[in-house]
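Take a look at the structures listed below.
After this come two complexes, each holding chain A, first together with chain B and then together with chain C.
Right, the complex of A and B next:
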């Protein structure tokens, strides 16, 4: 239970600071928080939206958590997500695959593209010791502009007037939705992946090596574990999850490729992973919490016209408070 | 043959576009020289841009805006200093969170300021000199802050390499344990360098909203903070070299804009990727050619804990 103290206090402290900000622009924070809560949990649509927002966050949380286990910061989940979305969209729009093969093919190409995009900083880190925080971050911008280039240019749809969108995906390329809401199959995919990766880390040789490299690089060396290789593998695995998140966003929610498919899900993966201390099962819990913040953010936007940027303030404050808490307890 | 008039206006705009980069790069050079890595430039710049704009709008004085833009930058830099120097936390993550914090708070508070018209800092034509054909337009028709930036580069060079304070900053960034044993207060020097750096980064942001773009929009720094991180490396942590680098990247910015306006067949979106790719390549070169040759402070990004060897 002691492990819970820092996260809970961090969340509470962030709520207080954001509350002060809300009060500063003349909004009663208590009322606002109650509205966030009731809108997310008391209706079918609120709960569906909660799952919709939680889905990509589970995957980007894993995308950060797995490399973090090996001591690497993957700040590039955002870009890996965009690359996965791009790859899935190419398959959906141009492959003409039969219906049953469409979704699996999109899933696989998105996974491979996310992986490949993460392999660039991973190899640069392993080979040249290039700071992965900077390289993954810079590659986000490249990926986002790449998708913009595509939807403004070569991939712009024929039936979208002048909007920077592709055409809508064919039905076979969209994930089934349920209950008359936006709740879709991707939610279960994300949960399944989190459970699988939990067992992979816990039970397999790969998981063992990953944990050793992160916890004690020197011991890993004595145990004959190739650290360079683990750096590359863990980052690529993370990129794969982010790529899958991109596929799920375009085929479950957007139903087409367009700019801004992600509202910072990749960056939110950082606090999600930190709150869960890298544990895949706990990632599901912390992703739900951040999913709630996202839904709450849009509630605040519609009810009080508070800019969604407030969500970023939450993210950064929670991470800062967790880091402060960890440092204070270390002393 | 390139039209000399066009070239002159291109060079003049490069200097204008490069000035916010110059302030920010100079600020980060001071900070990094002391051994503190502040990745939060993007967030600090945007906070400076917003605060500067808001203060100028409310007080009617753009110079007060610049001052408060710098102070706002200092406040965020203080958060970074507290985490990296006092708490000895991971500097990269703290810096990154400053970016989210800055973008978040300014997006949140700044919404009502979009479309407002504040008071701006206007160019001053230097008498006689600005009448020289072409040269006058390129060098002598800017706003005062653009000249101050160059002057500042010279002053910082002097402080860093010719005074005792500079020596202490460099010593703390290279070998904190040695500086400590010589009686230098490592934490104090790092705090001062980080706060001073934050001030300059904030001024760079304020320049953006009050002198360059002359407006406020959400996320208007548009990645300039990241570019400045590369500029620090590009300039080898030397203030005097930052001047050239900043104008060069400013020129790239202007060029992509002008090419688009001229309808040249290079996609605007592909051009926007260029600075990031260039930055990665610059970083790659710096690590391949070994950091020492590039002059990175040896203790950059490493918290100093007395009595503990790396």
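Right, the complex of A and C next:
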């Protein structure tokens, strides 16, 4: 129970502060919040959008949460997501695989690319103790610009009138959608992964070792656990989830590769993981909350003409309050 | 003799814990007053209140006949109270002179009047018989010298009352003697001293009166000349304890551990262990005495598999393990010096800490068998009487003694061939110390080889069959317990070379 108090207070505090901001620009905050809520939860399309936004957030949340268990900060989920999206797009556009093999192949290559991208900072950390916060963060820019280069150049489509897009994926390379909305299979994949990883963390010896490394690295060495190896494994596992998120975004929503496929999902994974204190099941809950903020944010923009800056302020405030709450809880 | 200090009805609470429960404490001018008690009895809390670090919840302090309220140590210092902490608070990269004047205003402030300081230090040194090299850097000083600097620093500030918190913990026997000599001469010149300790012998040797605390309460104050060890123990613990455990001489079996010409580096890549040789047989306890920092930690870590060996060989039961990892040294139990930092993951549960090394043995298919692990953990807790609310409580919330029991439970339950125990009773109370020593002796009697590394000479002499002294990375002489004496071991600990044996 006590674990719940801090996150709830953090959210309440940011609601109050953003409410003051909204009031300052002449919008009744209570009305706005109600509109955000009803739009996201009471219509079919609202709910579908909520799930669409929540899906990548679950995966990037896990991408941060797993390394966090070993005491590592993966700020690179954004870049790992881009690399996964890139890899999946290459398969979708150029592989000519038979239909039934297409999605599984995209899934696997995206997972491998995400993993590989995360392996770089992980190995640097394990071998040379290079700060993983910096290396993962910087590699994001490399990945984002890599995708940009590809869609402006080698991968630019033939039917896109000079826009920086690839061609649309063949049908076999898109995730099935349901209910006539953008709601797609990726949502279930994300949920399934979260549940599996929960059991891996709680019940296997890998999860046990990870917990010891995270709790006290020196005790882990003392117990004969190879800490370097755990650093690399946990980071790669995280990168894998972010890579899968990238594949799901391009094959479920964008249906092609283009710049800016993610609106900061990788970074939002950090507060998602923190709010859930690294617990994979709770990651689903906190990802839903952030999904709601994404959907609600666009409601504020369209219905109340709230400047997009205020929406970003909203997101950032929640993150700040969560971090503040976490450090308070530690004492 | 008149009363210099009176603390009346002092109460200090930390949450639910009452650290000081209506304590009355009175110190007379010119005496050495021992403050005796087990760890957690409230000695340091009481002194921190006096020194202005904590403020009491209730009660008052009367110093030199006036009621005082110290808001910070600065107030206490200007009233004439100085304190030398257990961990020295000197700046290693500054010299002694700079450390002494740090934060002090000399007559020509803001400039430092060097002549005046030199003159004053010289007077004080002569008066109290404390010698220091004024222009030596603190990092080049021995622990004993550092302590003298701390004391001099307090004297320099004209203290009337000097508090020493466990001052002998880090000293060799010879250094202890010279400290006691200096303390006596200080009181002759009118200084008053409070001497915090949990060592009975020292309290009896140097003090004039002794106040005993137990569990936050004052048990009583006695004149040192009218008391003895037995009475003080009873006051400290609340009952008699047979604290003279000694190891029965058993027949030694096969050689378990052999270390040959071992060279190990420390973090700064300097050699910390320089060509060490020894061996331990079944049923034998080898005690390594020595002041901390002479290569003991590097030696034990190398044997436990946590530190790379540069040269030489480690042989366990006839097999070379020099290059093997921790996992391949399952027959070695290791009770590390830094229990909380190395031996434990304080934020994890008691269960997880008990299974820290063995969890891989509880695999059931893809998953771990938690029921089996819980059953085993409950068994261990029972056997080693670890006091914990449940096996799911965080290990870090246990008391120091129970943390050590938890580590013993994990390490000894696997029936190891070799036990490395490093400072195994440091910081434990009488009861906990007693328990740990018994366990180690039992394990040896049952046939394990024990490597005991300890700064506590009394412990080494009680438990070890053979005693080795480690100094600057070398073993200076290994002798049978019967042939060893405090003087001889102390001489070697201080860097003396072996003359005979």
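Simple rule for what comes next: the second predicted complex is superposed on the first by the 319 of 331 C-alpha atoms of A that agree within 3 Å, B and C clash if a C-alpha of one lies under 4 Å from a C-alpha of the other, contacts with A are read in each partner's own complex, and residues count from 1 in each chain.
The definition used in the following text is that a residue touches a chain if its C-beta (ideal position, glycine included) is under 8 Å from a C-beta of that chain, and two chains touch if they have at least 3 such contacts.
These numbers come from a predicted model, not from an experiment.
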_Let's test your reading of the overlay: on chain A, do chain B and chain C clash or fit side by side?_
fit
*Touching A:205, do we find chain B (first), chain C (second), both, or neither?*
second
*asked:* Comparing chain B against chain C, which has contacts with more of the residues in chain A?
replied: B
*Applying the touch criterion given at the start, work out whether A:218 contacts chain B, chain C, both or neither, answering first, second, both or neither.*
second
*Figure out whether A:320 sits in contact with chain B (first) or chain C (second), or with both, or with neither.*
first
_One more residue to check, A:41. First (chain B), second (chain C), both or neither?_
neither
_Here's one for you: vertex at chain A, rays to chain B and chain C, all C-alpha centres; what's the angle to the nearest 10 degrees?_
70
*With the two complexes overlaid on chain A, what is the closest approach of chain B to chain C, counting only CA atoms, in Å?*
5
*Same chain A residues contacting chain B and chain C, which ones?*
none
*Show which residues of chain A lie in contact with chain B when the two form their complex.*
21, 24-25, 73, 75, 124, 128-131, 133-135, 137-139, 141-142, 145-146, 148-149, 152-153, 267, 270, 306-317, 319-320, 323-324, 326-328
_Quick check: in the complex, which residue numbers of chain B touch chain A?_
39, 79, 83, 87-90, 92-94, 96-101, 103-109, 111, 218, 223, 226, 229, 267, 269-270, 272-273, 276-277, 279-280, 283-284, 287-288
*Of all residues in chain C, which touch chain A in the complex?*
304-306, 325-327, 334, 336, 341-348, 352, 355-357, 359-360, 363, 366-368, 370
*Show which residues of chain A lie in contact with chain C when the two form their complex.*
199, 203-205, 208-209, 211-212, 215-216, 218-224
